[in-house]
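Order of writing sets the chain letters: A, B, C and D. Residues in each chain are counted from 1.
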Amino acid sequence: MQFETKIGRSTREQLHVHGYNLADDLIGNITLADMLFLGVKHRKPTEAESKMLNATLIAICEHGFTPSSLSSRLTYLGAPEAIQAAVAAGLLGAGSVYFGAMEYVAEMLQKTYQKHGNEYSTEELAGLVIQERKEQGLQLPGFGHHIHKPVDPRTPKLFAIAEELGFLNKHSQLLIEMHKQFCEQKGKEITLNVTGAIGAILSDMEIDYRLVKSFAVAARAVGLVGHIAEEIETGRTESVAQQVFEYVENHTDYKG
Amino acid sequence: MQFETKIGRSTREQLHVHGYNLADDLIGNITLADMLFLGVKHRKPTEAESKMLNATLIAICEHGFTPSSLSSRLTYLGAPEAIQAAVAAGLLGAGSVYFGAMEYVAEMLQKTYQKHGNEYSTEELAGLVIQERKEQGLQLPGFGHHIHKPVDPRTPKLFAIAEELGFLNKHSQLLIEMHKQFCEQKGKEITLNVTGAIGAILSDMEIDYRLVKSFAVAARAVGLVGHIAEEIETGRTESVAQQVFEYVENHTDYKG
Amino acid sequence: MQFETKIGRSTREQLHVHGYNLADDLIGNITLADMLFLGVKHRKPTEAESKMLNATLIAICEHGFTPSSLSSRLTYLGAPEAIQAAVAAGLLGAGSVYFGAMEYVAEMLQKTYQKHGNEYSTEELAGLVIQERKEQGLQLPGFGHHIHKPVDPRTPKLFAIAEELGFLNKHSQLLIEMHKQFCEQKGKEITLNVTGAIGAILSDMEIDYRLVKSFAVAARAVGLVGHIAEEIETGRTESVAQQVFEYVENHTDYKG
Amino acid sequence: MQFETKIGRSTREQLHVHGYNLADDLIGNITLADMLFLGVKHRKPTEAESKMLNATLIAICEHGFTPSSLSSRLTYLGAPEAIQAAVAAGLLGAGSVYFGAMEYVAEMLQKTYQKHGNEYSTEELAGLVIQERKEQGLQLPGFGHHIHKPVDPRTPKLFAIAEELGFLNKHSQLLIEMHKQFCEQKGKEITLNVTGAIGAILSDMEIDYRLVKSFAVAARAVGLVGHIAEEIETGRTESVAQQVFEYVENHTDYKG
């Protein structure tokens, strides 16, 4: 039994990762985000790919107090000696409600082109997808935001960078056209949110939709470190986690 | 009750993170690793800091098949719809045995300078710390490696970059001197491993030792995505996780 | 802002849980499984319910070396000081592939009765559900097992207890009838596995299908403790986790 | 390579667990808590052991709104499709601050008897341990509670059951004597809390101190299901998790 892998091999003197010598070729030469690309594509990103990917990950790695970051902080409060568990706890909420949209957008866009190829114009395809999902009773992922209305400021920024770097291709164009038609149908401006933009751009970077959410998860791990750092900075008794816990404890109405 | 934070604020039109406008100042301008720095230091890193930090994180984000990466793959096998849980499961093993050394090295070095300041020369201090830990029956963290002997190839590379960028300062120098004296005492070449190097360099970048392990955890999240990607690439039935599981299942000797 | 809950309240002198005094009414009077029932139903189980629930949980809490239990053991290997993380890591694989079936069976059975009420006989209903799922391209959850063929020994045992205690009601009967018809259609004996039996019995105990998997998760937490205990018993270097890791490390074929 | 285990074996027709036939000997005959005992001791508990263990686990499985249960609820809010992750997130905070005491008490008591055997009377030993820890600057685990003062109602209840069932032996007696002397020294009544009582009783049941916290973790998994059940019952928008998140979001004071 041999376990085949493209990922890595360690010998006494060297480490190889995806065909590169870790110490000689990678350390000092690429960014952390490039390792994500390398892990998935088995090659280093181009400069444009590296820039696009870093931009994308930065757009999603931090969003202030969220259920996820509160969960990390509360976990740290109980287990400060296991900081890995606090990061992990914050990642576990990256499910269908908050992060899933990124994957669903990528899946929708990628499957549309797998199914229809170049049969239709972008306009026709956008209309088709909106119609199909309506008939199936499915929501359109990537639209709407409870704070950023009618524009999520990260979306135009990411699309501008994508255009400059050559990644505003068919998946992004389809989503943008869907957004246009969807707003027209609704008669109002609906937010094309950052999860939609990322789902489309990562699709244009040829990232399999099944991996899209994991990119956000890795980025969010970076953001969660900042939350734990703040818990340490303020000290346990003054920390947000402690205050949230105390507030809840003191405002509980028991209906047992 | 107001929850104070330096981390972020969202308004309808803007997101601010640590005093920066996310869309205008950060997306497209910095790397993912810089967000880690920003989250902890509340300022963007200098170019040297960014380069040093990226190098450090790349050195630790991937190490082939480890208990951690196997745990991620096995979790993905059972719950492919919850990719965040597979990443989280791989992070949970980042405890005292494999990742802790980074923190313990940073703690040892930082507390040494907090206690002794500039009283002693590096040589004297190195001797003092080795002696103290011996008397207390404590191991010296950061030394030894089960594969990379007598040199962990990541260590000289990281120290070379640190020297070039101006981060090979007192903490790294103390660890290097401790390594020299420790090898002399043992009469053989003992590996100064990558966790030691990172603990020292992050200390020279003024990262609180309590946060050092979380940097490795965030980097490892990036590496784990590559393992999950490979599980997807090979397909469930041919995947490493499935093969490991089957191998164990077929080679179990029950002593009940 | 008051957070309403039926779960619990602590005062200086007392703890109340779901309307009971924890120290006076619960500790010493009920079993751990009964607390699960109480948490979901806000009342103590009857003696029959308690017996049925304990039987159900015992049937699912341990299944030897599985991807889940290996993940727990590997996590413990890296972070023995954080035993909670080792248990958690083992739970994270309780997803669609291994544990999901329990929920899917319960959902299928419960929604069938919600939709069709008492319109049809059990025979008609079984045929209807099999037909509907075939038309929708959906698998029938709860059938098949890679080891236990053609009978999962836990299934007849659980159904026998259910019958004795009065829980072999419409959901279980529908599943049993579906099994009969499905085997007839396939012309061979297909296993009605334990996840199917549990999904049906918990439905007959009026547990919402959205909670069914969490019952298995809580039971599995108990089982995982046994795996970690064995890791401690054998000691780190002789442990299964260490041996699995070493075996993989020594049998890796790098294709980078 | 064979992986030795006492835990389980599956054949086509049977499952064996710790030497018992799962379907014939265990399902329907023992309680969930007994499986925990079996996993650790490789034998079924006696009736007294089963009763004591169930009482102990019930005392610790639920404590209303805690950082742990909030973390579970917040995780469920983001990932309702991965209920296993919500349970796991709640377990991850079972670290040094809230649950650790149980383990530390058991360790302190077990190591005291390993070191001193029957050299001293309980009174002398209690004085010795208090003195030793004071000299080493170590806190006494198991004492104090932020709500239950001066008596944690679970403690006398558990000790009463332990006495009745024959488990109020040397470890519990030592802790009770330490409590007496500690209160005398401080000149006030200090709470002997439930984590102390459990650490002592599990020691008297001959549970290795390294496993004691995992018993609490398994029990807490049961409690967390109740919290998730309540989130489902109230519905997402009215849930405690959603309200906590909104409250924090609306009461954030940004100092960026």
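What we mean here is this: contacts are C-beta pairs under 8 Å (C-beta built on N, C-alpha and C of every residue); 3 or more make two chains touch, one makes a residue touch a chain.
Computed from a predicted structure; not experimentally measured.
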| item | value |
| --- | --- |
| Shortest walk length in steps over touching chains, chain A through to chain C | 1 |
| Chain whose average C-alpha position is farthest from chain B's own | C |
| Rounded Å distance between chain B and chain C, as computed from the means of their C-alpha atoms | 37 |
| Intercentroid distance (Cα basis), chain D paired with chain B, Å | 31 |
| Rounded Å distance between chain A and chain B, as computed from the means of their C-alpha atoms | 22 |
| Interface hub residues of chain A, defined as touching at least two other chains | 1, 3-9, 17-18, 64-65, 79-82, 84-86, 88-89, 92-95, 99, 240, 244, 247-248, 252 |
| Contact set on chain C toward chain D in their complex | 1, 3-15, 17-18, 22-24, 26-28, 30-33, 35-36, 38-40, 51, 54-55, 57-59, 61-65, 80, 82-89, 91-95, 99, 147-149, 151, 153-154, 156-158, 161, 208, 210-211, 213-215, 217-219, 221-230, 232, 234, 240, 243-244, 247 |
| Chain B contact footprint on chain C (complex, rising order) | 64-68, 70-71, 74-82, 85-86, 88-89, 92-99, 240-241, 244-245, 247-249, 252 |
| For the chain B and chain D complex, residues of the former touching the latter | 1-9, 16-20, 42, 79, 81-82, 84-85, 88, 92, 248, 251-256 |
